[in-house]
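As structure tokens, here come the structures.
Note that chain A is present in both complexes that follow, paired respectively with chain B and with chain C.
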Partner chain A sequence: MSERAQRLLEIADDELILGWRDSEWTGIAPSLEEDVAFSSIAQNEIGHARALYELAAHHLGTTADELAFDRSPEEYRCAPLVQLRRVDWAHTIARHWLYETADELRLARLKQSDDPEVAGLAAKMDREEVYHRLHAQMWADHLRDEPRFRSAVEELWPYAVGVVDEDLRQALAQRLNLARDTSSIGERGDPSDEFRALWDEMTMVRRSVPGATW
Partner chain B sequence: MTVPARPTEQQVWDALAEIPDPEIPVVSLVELGVVKSVQVDGHSVRIDFTPTFLGCPALEVMRDAMANSVRALGAEPHVEVVLDDSWSTDRITPQGREKLRAAGFAPPAPRASRPLRLVELQRGGFRCPYCGSSDTKLENLFGPTPCRSVRYCNACRQPFEQFKTI
Partner chain C sequence: MIFEVFRQEKKGAAFTHAGSVAAPDAVFAEAFAHEQYGRRHESVALWVVPRDAVREVTDFPDELSKTYHRVDGYSLKAKLKEARERAGAASP
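So, the complex of A and B:
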């Protein structure tokens, strides 16, 4: 697989799996507004995943659906941060805030890509992600002094650094105003048990009737 | 056997202008600005189509509706989804904006050159599509679809949907 396809799959897998995790709040978010907001963010992330998979699929001679659902857990390239199971709202907001900030740095770099397809898609995604960042920042400001939020940020920081390339990790710490070391926990392509459980649920329907048209 | 037709570009544009947006049927796909280009080559019609939001669930519906309207003209459709950065809410036509407003959707503000900030959305200034007051507040950044926020008008006490600027 080309480095380009590998790269696209990393980001697509991040967006798909985080979108899936976010959608786990549908129906049970702390308020009706947040139910709508988080479901909408989830839908948008999965839309980004689809666009990235389509770009990768075109060159790999496959389809977006096959990339999204027909790989084994070991073949997914998503970062350990998005694999973690849903805990409580403070923990969810901590992950949301860390991820969206990391994603902003990653997209800024992709927008400069020499590959016009990648740069164009990154620019489109980036404009939509502005609203995710505003939402994340609003909640992070709101929960800043809450012990549960603060401890979730501490717990998740070593996972968050794994979302971006090593040379962006210092910039991520600065952007978040977190004076922390930048060593990460876990690696892409190393599925956790929590991810395996998600995969099992996510691919269950498709595995039940292989090759069906829905 | 029917002979395939050779429509003109204008005929294709006119046909596309008849297709309502699946979510907000008061505007057409042409008024929404999602048809990037139309090229006719004999019996074959190529349409380049730019999605609004990438997470929009109406993408396939829009694509199929465009293909069907080309078939209704007797030609063969090729609808390409272009995943570039060319669509923005600035592409919605003036007629489209007015139709949105008349249907109770506040049209998007023009894009600014600098990044959007939350305080700008939180303060007033966004006009209520029902009474025209700008004494409105942000209720939720997200609405029933990814492209809309929910605001509340303090003057006529109505919640309304505000198109996001992207």
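So, the complex of A and C:
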């Protein structure tokens, strides 16, 4: 697989799995308004994944659906941060804030890509991500003095590091105002048990009738 | 806090009341309104206003039945008909 396709899949998998995780809050968010807002953001992420898969699929001679749902857990390239199952709001917001900040750095680099298709899609995604970042920052400010949020950020930081390339990790620490060690926990392509459980549920319907046209 | 949300469907159109959002402060209200009333691209702009800032006026006494203040209190049709007859013009 080309470097380009590999890179597209990494980001697509991050967006799909984070969107999936965030959508687990639909119906149980702390307020109705937040329920609608967070579900909408989750859906946006899955929409970004779809666009990225389509771009990759075109070059790999497959389809977005096959990439999203028909690979084995070992073939997914998502970062350990998005694989984590977080049933606590402080952790969810900590992950959201860490991920969106990392994604901003990653998208800024992609927008500079020599590949016009990749650069164009990155620019489109970034216009929506602006609102995800506003939402994440607003919550991070709101929970800044909350001990549960602060300890969640500490706990998840080593996972956040794994979202971006090594040469962007220091910049990520600076952007988040976290003077931290930039060694990451886990690497892409190493599915956790939590991810395997997610995959099992996510692909259940497609696996129920293999080869069906939906 | 409750914030009232007004939305503009296209540029230049009048803002109309879309609904309200409950939020702890104005920043949250903007984010919530953005997702609730804009995520399907149904708006090009929103006004997000604290409900307390909306001044409501509901009292319109009309004790003396001054119908000439109202659009329905003055029949233009009848007056026009009379005027046309006076001028000898045929009614349309």
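Please note the rule applied: the second predicted complex is superposed on the first by the 214 of 214 C-alpha atoms of A that agree within 3 Å, B and C clash if a C-alpha of one lies under 4 Å from a C-alpha of the other, contacts with A are read in each partner's own complex, and residues count from 1 in each chain.
Basically, a residue touches a chain if its C-beta (ideal position, glycine included) is under 8 Å from a C-beta of that chain, and two chains touch if they have at least 3 such contacts.
Everything numeric here is computed off the predicted structure, so don't read it as measured data.
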Query: Sharing chain A, do chain B and chain C clash or fit in the superposition?
result: clash
Task: Considering only touches as defined above, state whether A:His135 meets chain B (first), chain C (second), both or neither.
output: both
Task: State whether chain B or chain C is in contact with more residues of chain A in the superposed arrangement.
output: B
Message: By the touch definition at the top of the document, which applies to A:Ser40: first (chain B), second (chain C), both, or neither?
response: both
- request: Please indicate which partner A:Glu117 is in contact with in the superposed arrangement: first for chain B, second for chain C, both, or neither.
  value: first
Task: Find the residues of chain A that appear in the contact set with chain B and again in the contact set with chain C.
output: 33, 36-37, 40-41, 131, 134-135, 138
Touch list for chain C against partner chain A, complex: 21-24, 27-28, 31-32, 34-36, 39
Task: Under the touch definition given earlier, write down the residues of chain A that touch chain B in their complex.
output: 33, 36-37, 40-41, 43-48, 50-51, 54-55, 116-117, 120-121, 123-125, 127-128, 130-131, 134-135, 137-138
- prompt: In their shared complex, at which residues does chain A touch chain C?
  reply: 31-34, 36-37, 40-41, 131, 134-135, 138, 141-142
Message: With touch defined as at the start, can you tell me which chain B residues reach chain A in the complex?
response: 53-57, 83-88, 115-118, 121, 139-146, 150, 164, 166
